[in-house]
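One chain, chain A, links the two complexes that follow: it is found with chain B in the first and with chain C in the second.
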Partner chain A sequence: MIQLFKIAYRDLGRNRRRSFFSALALGMGLSLLLLMAGVLTGEMRGSMETTILLQSGHLQVRALSYDEDKTSLAWDDLIANPDQVTAQLASLPQVLVATPRLFATGIAAEGDESVGVRVIGIDPTSEANRPYRLGMVSGNFFAADDREGVLLGQTLAEKLNLKTGDEVYLLVNTAGGDIAEQLFTIRGIYSTRTPGFDGSSIFMPLDKAQAITQTNNHASTIFILLKEREQTASVAAALQGNDYQIETWEQTNELILQTEQMANAYIYVLYLIVLAITATVIVNTLVMAVYERTREIGIYAAMGMKGWRIMAMFFAESLLLALGGLVIGLILGGLMTLYATYVGFYIGDMGITGMLFGERIYAYLTMKDVISLSITTFIVSLLAALYPAVLAAQLEPVEALRGGK
Partner chain B sequence: MEVVKVENVTRVFKIGKVETNALRGVNLSIENGEFTALVGPSGSGKTTLLQLLGCLDQPTSGKVFINSKEVSQLNRNQRADMRRGTIGFIFQFFALIPTLTAYENIEMPLLLAGQGAAPRRERVLELLKAVDLPDRAHHRPDQLSGGEQQRVAIARALATSPTLILADEPTANLDTPNGKQVMDIMTRLNQETGVTFVFATHDPRVISYARRIVTLQDGCVVEDSEEKVAAGV
Partner chain C sequence: MRLFLTLAWRNIWRHRRRTFIVILAIGMGLALMMFYDGFVAGFEQAIYANAVKVLGGNIQVHAEGYKAQASQTPLLPMENDQSVVSAAEAQPQVLAASRRINTGGMASNREGAFPVAIIGIEPSKELPVSLVAQRVTQGRFLADDERDVIYIGQGLASAMDVTIGDRITLVGRAAHNQMRRHTMTVAGIYDVGLREIEKRSVYMSLAEAQYLYGLDGQSTEVAISLEQLGQEPIVMEALGPSLNGYEIGSWETNFPEMEAAINSKSAVMDIFSVIIMVIAGIGILNLLLMAVFERTREIGLLGALGLKPGQITTLFLLEGAMMGVVGLLFGIALGLFFNGLLMQVGLDYSKFASITEYTALICGRIYPTWGVEKLFMRSITVLIIAILAAYYPAREAARHEPAEALHFV
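Let's turn to the complex of A and B:
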């Protein structure tokens, strides 16, 4: 066995440049696979985390008749006495934070410009607002009793050409089906680095939101973040009853999960293409080796080497190429993925409705992906040696000794 | 004891629609320890006959026996087994594996035969000595002269102690002194080990070493003489 690899190593050394480029092609194939896997996982994971933090939470408790798509403000569709319900939920040991929120649709106008917005009433003191607090690019967060202040997303502010301290005219739907309007002062501008969210969301204190929408002491939802995402199902099961509907992040973000499944299917096709190209390089290298060494194969056959052993020689060469390719691929792919993990790629506003993407996507490569892709590449390289190996083993000794037909 | 027996062997090659009769009913018997030359002009069937004796090819009709075992009907693997244990080859073009050293080239048949490391090493060193190349063990073929390469090939052919060594034009690519040295070694090994040598040649200097000369012409044995010729004449 050792001799087999020694011979294979020397055979590859006969044409060092060709062997190196074959291993390099394999390595580049693997690094591409790793990068693709990392970016896809990172993108989906990032989108999901962003959406959970900014929009869906791990769980939402809503009134039974509440329809998220309609952003209903009818009292029957809302949770009455939300503070009381929130306090009960917050007392659960798995719950990190629970806070009531009120959603209303409206229009923000400044001069000739007007933009459809989602007005979100929040409890300014809640820890759930951390992403917005951390993302303040100018001004300050409002106080709970602020009756005239709002926070604008940076993208929206840019659209309307507004800055902190400016005034913005808001028209908001009310529980009665009317439209309330008021001039608000922009207390601050936040950025969650998620253009899809920042371009349409306006925050105001919950009390003020309830007042302007005439939803007196009602909330659209109780937004809940858990200590561990994995506890979602058990907490949801515990909360399930006849009084409220409980929506988990998986239910709220079904679109992201479906997109992820679809993307996974697509990426398998891409994997296949990359692997097929890689395999072709190996096949080409080894077929050339078979033709160049036909006479030697005849000599081995004359010495009594059987077909399977001749095949093994070519498999050994392929194995060494694959190992070289793996090393190159892991280094190259590792560096590329590291860059994509920590620096990321700027994608700007993806503008996909229903999904929140950060303006940069970051890779997230799991060890499982590294191992499975490395093994797959390795196996494909070995399989690619099958044709040249069979070709060599089937050579008639007499023909081979003459140097082929 | 007969090492080689050939009964009414024919070999027809088909190239497209053209058939070439390389051998036309050859009968031949070679005893253990013989030093036999197959001679004849180019295209007379010498190499084809050697290939049949070496189980590298199969006859179109007739039978070939090696050590009394019929080999004409063996399958690929059985022929490979036969070659590995019984037959050694020496080729005109030396046929060493270029990536292996002299030592490793000689070792290869022993590896294929599954010999252990210690006896393998002992045998290779013994053979290197037998062909006067103990100091060239770790040279690769491209670092050896033509004569040295052919001596390595002889050592390799002898490695598994086969009963039959087949040599196809062993001196064709060598100058006179190297050719003589190679033939001297082959003669000596034939006498010392008793291994049977059959070689194809049309070099009169080589023919002169043979104790038996089988002449082929147009695929038929036309003369079979057992003249003893003094080596080196």
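Let's turn to the complex of A and C:
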């Protein structure tokens, strides 16, 4: 066995350049696969994390008849006495933070321009506002009793050419199906580095939001973050059966999960093609080696070496080549993915509002992907060796000795 | 040169199997790119074709300065919209040119509130060319100069739970920094099968929009409908000189975010394609390295016959380039075959309609094109990589000393 690998190693060494380039091709293939896997996982994971943190939470408690697509403000569709419900939820041990929020549809207008917006009434003191507080680029967060202040996302502020201290005209729908309007002062501008969110969300203290929409002491939803995402199902099950609908992050973010599935399906096709192209390089290298060494193989066979041993020799060669390729691929792919993980790619604003994507995509490579892709590449290169190995084993000793044809 | 070409061509087919494997690799790489290009083009076409069909007008003319703020639909009245209409109608390909007012707003009732695009139209002019006008399912389409009524899509009607005769509150931005609120009655409901789009627009007569939004006798857009898709560039070119001081655009200019999304994804794909081609190029490199080694005596002979090192280099470069060309042809055949198959089946994209404003225009399946949009650039890439891959072995070949090479066993 050891002898087999020794021979294989020396055979590869006979043509160092060729062996190196073949391993390089394999390595490039693998590193491309690693990068693709890392970027895709990072993109979808980033989108999911952003969405959970900014928009959906791990769990939401809503009134039974609430429909997210309509942002209805009729009292029947809202949660009455949200503070009481929130306090109950917050007392659960798995809950990190629970806070009532009110959503209204509105228009923000400034000068000749206007933009459709989502007005979000938040409890300014809640810990759930951390991402917005941390993202303040100018001005200050508002206080709970602020009756005229709002916070604008940076993307929206740029669209309307507004800055902290400016006034903005807001129209929002009300519980009665009518529309209320008022002039607000911009207390501050925040950025979550997510254009899809920052371009359309305006924050207002919950009390003021309830007053302007005539929804006294009601909230659209109770936004809940858990200590561990994995606990979602158990907490949801425990809450089920009340007079509320409980929506988990998987339910509210179904679109992201579907997109991820579709992207995964596409990426498998890409994997396959990259691997197929890589495999051709290996096949070619080994086929050439077989032809080059036809006489040598003839001698082996004439000396009584069995066909399967000749095959094993070529397999051993391919095994070493594959190992070399793996090492190159892991180093190359590791470096590329590392760059993509820490520096990321800038994608900017793609007009995506149905899902939240940050303006930069950061790769995220899981150990599972590294191992499964490495093993797949390895197996594919061994499979690629099958054809040349069979070719070698089938040579007729006498003819091969003469140089074959 | 003729001789070199013949020589190179014969040389690459001396080992059919090897050459074929290299060609396979190049072909697969190119076919993959063609699939991607075809898919993107199909995606764009589906959206633009539906935009023309549903939102109306192959070409839009706006006042200067509109494009810069297109996503906020600014109320920029045109100086002389009638002259734009008559200029457009003078073109033979133009079916209709109608004035419109576009503004942003919100529709609300007790069910909830929805951000909408408010579109003031000339009903009698739009009727013959507009799919929206023709697909009435309840009630009726608008009449010229009709007041206090709106025409909405099934998507919005179901979301707001309204039917003919129901009233909803409509807020829209008027000129001079004002918002105008008005209660309107639903006169008709249409159904074009695109719920997301239907949910985002409300139609009213131009006269009503002029009154509500303070644009007496004016309009913000002239929508031009053509006989066929694809005539846009010709008509835009013809209109250009007579419409100085206006912005003329087709739907492509109306979705800047879509352009951005496609461009950045395509940039990633371009890098990806180069890496794939380099991997395939390594196949060429190895093959030629082997060939140089195998043909040492032959190269010595060529040298002895008086071929200059440069000529030997050329021979090997030609072999590399030829493999590139054959791989290219194979790849094109493969790509066309693959895209041809997909054209029959299509890819289901309907689940993702709500992601962006532009994907809302997709109904159901997307059918790719043949994928030849960027073929020229892709081919050049393949050829360059093939020639670069051949360069190293070619230099190697030229370095042989004829006398030594001839003695090589």
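Simple rule for what comes next: the second predicted complex is superposed on the first by the 402 of 405 C-alpha atoms of A that agree within 3 Å, B and C clash if a C-alpha of one lies under 4 Å from a C-alpha of the other, contacts with A are read in each partner's own complex, and residues count from 1 in each chain.
To be clear about the criterion, a residue touches a chain if its C-beta (ideal position, glycine included) is under 8 Å from a C-beta of that chain, and two chains touch if they have at least 3 such contacts.
What you are looking at is a predicted structure, and each value in this text was computed from that prediction instead of being measured.
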item	value
Partner chain in contact with A:I2 - chain B first, chain C second, else both or neither	neither
First (chain B), second (chain C), both or neither touched by A:A265	neither
Partner chain in contact with A:A104 - chain B first, chain C second, else both or neither	second
A:M303 touches, of chain B and chain C: first, second, both or neither?	first
Touched partner set for A:M367, first chain B, second chain C, both or neither	neither
Which of chain B and chain C A:R295 touches, first, second, both or neither	first
Touching partner for A:G13 - first (chain B), second (chain C), both, neither	first
Winner by number of chain A residues touched, once chain B and chain C are compared	C
On chain A, positions contacted by chain B and by chain C	none
Chain C to chain A touching residues, read off their complex	15, 17-18, 21-22, 24-25, 28-29, 32, 69, 71-72, 74-76, 103-106, 108-115, 159, 169, 171, 173, 175, 177, 179, 181, 255-258, 260-261, 264, 268, 272, 275-276, 278-280, 282-283, 285-287, 289-290, 294, 351-352, 354-359
Chain A - residues contacting chain B, complex	3, 7, 10-11, 13-14, 295-296, 299-307, 309, 396-398, 401
Chain C partner contacts - residues on chain A that touch it in the complex	17-18, 21-22, 24-25, 28-29, 32, 36, 67, 69-74, 104-107, 109, 111-117, 159-160, 169, 171-173, 176-179, 181, 255, 258-259, 262, 270, 273-274, 276-278, 280-281, 283-285, 287-288, 291-292, 345, 347-355
Complex contacts: residues of chain B adjacent to chain A	51, 54, 56-57, 76-77, 80-85, 89, 91, 93, 95-100, 108-109, 111-113, 156
